[in-house]
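In what follows, chain A forms one complex with chain B and a second complex with chain C.
Moving on, here comes the complex of A and B:
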């Protein structure tokens, strides 16, 4: 296990550098430099030149990249053009809501994916099977924002069961029931957009595992069908599902941008869209760095879980 | 003699595929729907007097009537004309982006699979890097840098979608290159390029067609997502995504459904039918294919 972990972390190093180089190149493509915000009317061209030198912008690109990386490790992402405060702070207050939304959505998607996938595999052509394929087609073919509009129309406007958007009815009270009410629609929608892949993967790997010798063996020993299903088949069928979940995390982040925007959820996705409208480049790059790193860490965690689940991977 | 035999074998493979595909009713119906739709968005502007840009004074947000089949939007433009012209843009973005992804991904996968070693490592590591990027975020940044236009939308979707093609080509190539006919070609002195493009690639194409269809559907969805955020195809050019964008205002959502429901419905129908065609194609080519 130690050897596996070491190898996995070593693989992450080139991936990390590749990603940060790409992001650095992107942030250099964005118009305007950090110096622009500091120039005042009484500065001479020589002063501005000196400012460039002080900021290290006269250095070759690879030196600039290393310095940028150094600042990144110290947690400094620059200052927002829009609010004038540190980017880390602006992003910091958005992390919680995004984690709440994406976490709930992912949990719902996995639960629904496994339930429907197993049911569809065990009882083909049953109501469950049809519901599973229906759900996975909606997930694959209906854009989240369109479904969101339909949901808002039905449940918020016509039936008035749920609020149309936001996170609190009254921001000062922060009542948990109230947050849950606001969370329900966006989380379910984001979950639906993710669950189709999980259903299909669970279904096909369950069908594959059910044909294996050890499942036949368990049945031959006279084990109850439930035990065979859940403790022999499902545990092994979950392995490819775990991979699928890890691979879908980048899409979860993307889906969160749209969902947060539709529902006015105060997370990093809506911050991204807001920052783009204001051309607030430091925040845009900050969100990009933050989300890619988060995705990388999640991928690492998923690989570790995968190795824990399947001893064959470790060797 | 041998040539005739070879052609017969190939013909029967594709004929078989077509026959199997035609038995897949949903896929056939989807193909019909898509064909009619593409013909409609191409031909309707030539046959009818459609004007998606003129803002008709005094006709803001009008409900559907005889003059405006699907009503007008909030600045008085004819919704039906915009739906047709928007279809041109959305479908074109879908196909061009998917084509761009294929053009980048297939040669990379072919190189990685054929040569192996360091080339394989570099290319497949690059695939890993791109796959762990949250594509949507990078697309948003790129569109901001490049400026929003139909061309930049196609570019950013295409540039981030090639990993699927590369992985699939790679996995197919490593099995195909071990076949006897490739070995025979190598033995008779075929160059590397000739082996790759004349022998290996044509025999790896089947799953790539399936991937292409799913890619088109996904690109159409991504375009609509970007446009819905106001960062895709910019107005006044119509696309289905930026037509639905108008429903971000609650009063449009509730009181003026003709502005967003038709665009949303046709978008869903298109994406679903392309997915069904992909499914049918996969079942016809190889039901065991994992895609």
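Moving on, here comes the complex of A and C:
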């Protein structure tokens, strides 16, 4: 297990450098320059030239990259072209809300996925099974923005149970109950959009595992049905589900773009959209670097979880 | 004599309902197993051997099968088919244990050997985990696993096929069952390992004084192990007798064919003997004898009347019209 972990962590180093090069080159390949977004009507060509020099954009690409990388290791991601504040600060205030939203959504999606999936597999063609299928089709088939608008119309506009968007009613109070109220709708929606896959995966892998010989053997040993299902079968059925969850987590740490946008949630997703509109390269690159690192850490965690679940991958 | 009967299966009928129709996988099978004896059930693939064993454990419903009314499975005189699921859970593994065909897939890959052994022992013997652990280690030593203290911490994928089958045997015997059902316990193993496993089963059977139902399609294995033999074909019992009766004096044409198909080292033969034809499709109801289409002795009567399991003078039984006269004579005596 120790060897497995060490190998796994060492691999992350070249991946990290590879990613920084990719991020840097790609963001420089996008047409237009940040200066374009700053040009005002009363600027002379000389002013524009001066702006290029001030931002270091006149240097060759590899020098720009090394400067950027050097600053990165000093913990600085540069300054936002749009607001002039430090990128780390901009990202810092967005990480919390994003993780709160996506974490809650993921927890809801996993809980619903496993519960419905197991119920559907244990009693195929029952009410549970049809409910599970219905939920997964809604989750997979209906676009999030549409479902979000339906939710806002029903629960915020008509019933007035929940706020239409944002994170606080009054940002200065930071009341947790208030945050929870604002969180409920986007988290449930984001959860629904993910849970469909988890339900289908849990159902099919449960059904597959229940036909396995070791399940038959567990029954023949006199294990009670509950133990057979929830200990022997579920543990094995969770392996492919864990893989699927692992694959969807990286999308979440970078923020749920559509959901955050619709609900005005102050997370990474909406920051990314905003920065792209303004060609705010330092922020775009900062968000991407952050997301890359987060994905690498999450993947490491998923591999550890996977090794804990399945002894066969440990060596 | 009656006291010696451990398991009595009578008129067992198990069906599977499929989209294509009803499959009578086990059709009116009766046999008894005496204490400490080995009953070999032989027959080719799909003849209902495994369904019989799953029916005895009442596990067949989990796999969409149904045991028909009128069937009876009695363990020491106690009817099992009427028991609730909770009561059956106490019988499975405790009174009747089972060994499966494929050791590679019969152990749960995500649990250690220890967990899989201890859960069984704790479940049936009502002892603590510590005591169960030492029982488990003892049993691993008994089935010939070197360094049992170390091995018990390992996962199934770290053991070879033969070792895994030993572990499965240890799990099955660890609760001192009265009856062990071994469903093709050596089919998936190398020939050398097969012999070791059979030796082990024979040795341990005497130690825990368990009876064995040995299900196999390997005539060599039954010849070595069994006291009595039941020959099954297409869900029915065709012949039942002691090992000597079956091997020295096979009555049913199918049994004769089976024995003739065993390759012999002492003869140079151009072609190995095989029984012509195929097993009947069980989806279509078979009238008369199930074997008649492949039988060299088939007569017109075989197509209309289903032969009963006739008792012969030497206490063996056969389901064939050829022996009607002989059976009647023995009934008159």
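Here, the second predicted complex is superposed on the first by the 267 of 315 C-alpha atoms of A that agree within 3 Å, B and C clash if a C-alpha of one lies under 4 Å from a C-alpha of the other, contacts with A are read in each partner's own complex, and residues count from 1 in each chain.
Heads up, the rule we're going with is that a residue touches a chain if its C-beta (ideal position, glycine included) is under 8 Å from a C-beta of that chain, and two chains touch if they have at least 3 such contacts.
Values in this document were obtained by computation on a predicted structure and should not be read as measured data.
Trainee: Put chain B and chain C onto chain A via the superposition and say whether they clash or fit.
Mentor: The answer is fit.
Trainee: Check whether A:292 is in contact with chain B, with chain C, with both or with neither, and answer first, second, both or neither.
Mentor: After superposition on chain A, A:292 lies in contact with chain B alone.
Trainee: For A:92, select first, second, both or neither according to whether it touches chain B, chain C, the two together, or no partner.
Mentor: In the superposition, A:92 touches no partner, neither chain B nor chain C.
Trainee: According to the stated criteria, A:26 is in contact with first (chain B), second (chain C), both, or neither; which is it?
Mentor: Touch partner of A:26: chain B, not chain C.
Trainee: Return the chain, chain B or chain C, that is in touch with more residues of chain A.
Mentor: The partner that reaches more residues of chain A in the superposed model: B.
Trainee: Using the touch definition from the top, say if A:149 reaches chain B (first), chain C (second), both or neither.
Mentor: After superposing on A, A:149 lies in contact with chain B but is clear of chain C.
Trainee: If we overlay the two complexes on their shared chain A, which of chain B and chain C does A:224 touch? Say first, second, both or neither.
Mentor: The answer is second: A:224 touches chain C but not chain B.
Trainee: Rounding to a multiple of 10°, what is the angle at chain A's Cα centre between the Cα centres of chain B and chain C in the superposition?
Mentor: 80
Trainee: Report, in whole Å, the shortest distance between any C-alpha atom of chain B and any C-alpha atom of chain C after the two complexes are superposed.
Mentor: Value for chain B versus chain C, nearest C-alpha atoms: 16 Å.
Trainee: Going by the contact rule set out above, which residues of chain A touch chain B in the complex?
Mentor: 14-15, 18-19, 22, 26, 29-31, 137, 140-146, 149-150, 152-153, 157, 164, 204, 247, 250-251, 253-255, 257-258, 261-262, 272-273, 276-277, 279, 284-285, 287-288, 291-292, 295-296, 299
Trainee: Within the complex, which stretch of chain C touches chain A?
Mentor: 57, 59, 62, 85-86, 89-94, 97-98, 100-102, 105-112, 119-120, 123-124, 155, 157, 168, 171
Trainee: Tell me, which parts of chain A touch chain C in their complex?
Mentor: Where chain A meets chain C, its residues are 212-214, 216-225, 227, 232, 235-236, 239, 309-312.
Trainee: Looking at the complex, which residues from chain B come into contact with chain A?
Mentor: For this pair, the touching residues of chain B are 125-126, 128-129, 131-138, 140-142, 144-145, 217, 221, 224-225, 228-231, 244, 247-248, 250, 253-254, 260, 264, 267-268, 271-272, 275, 290.
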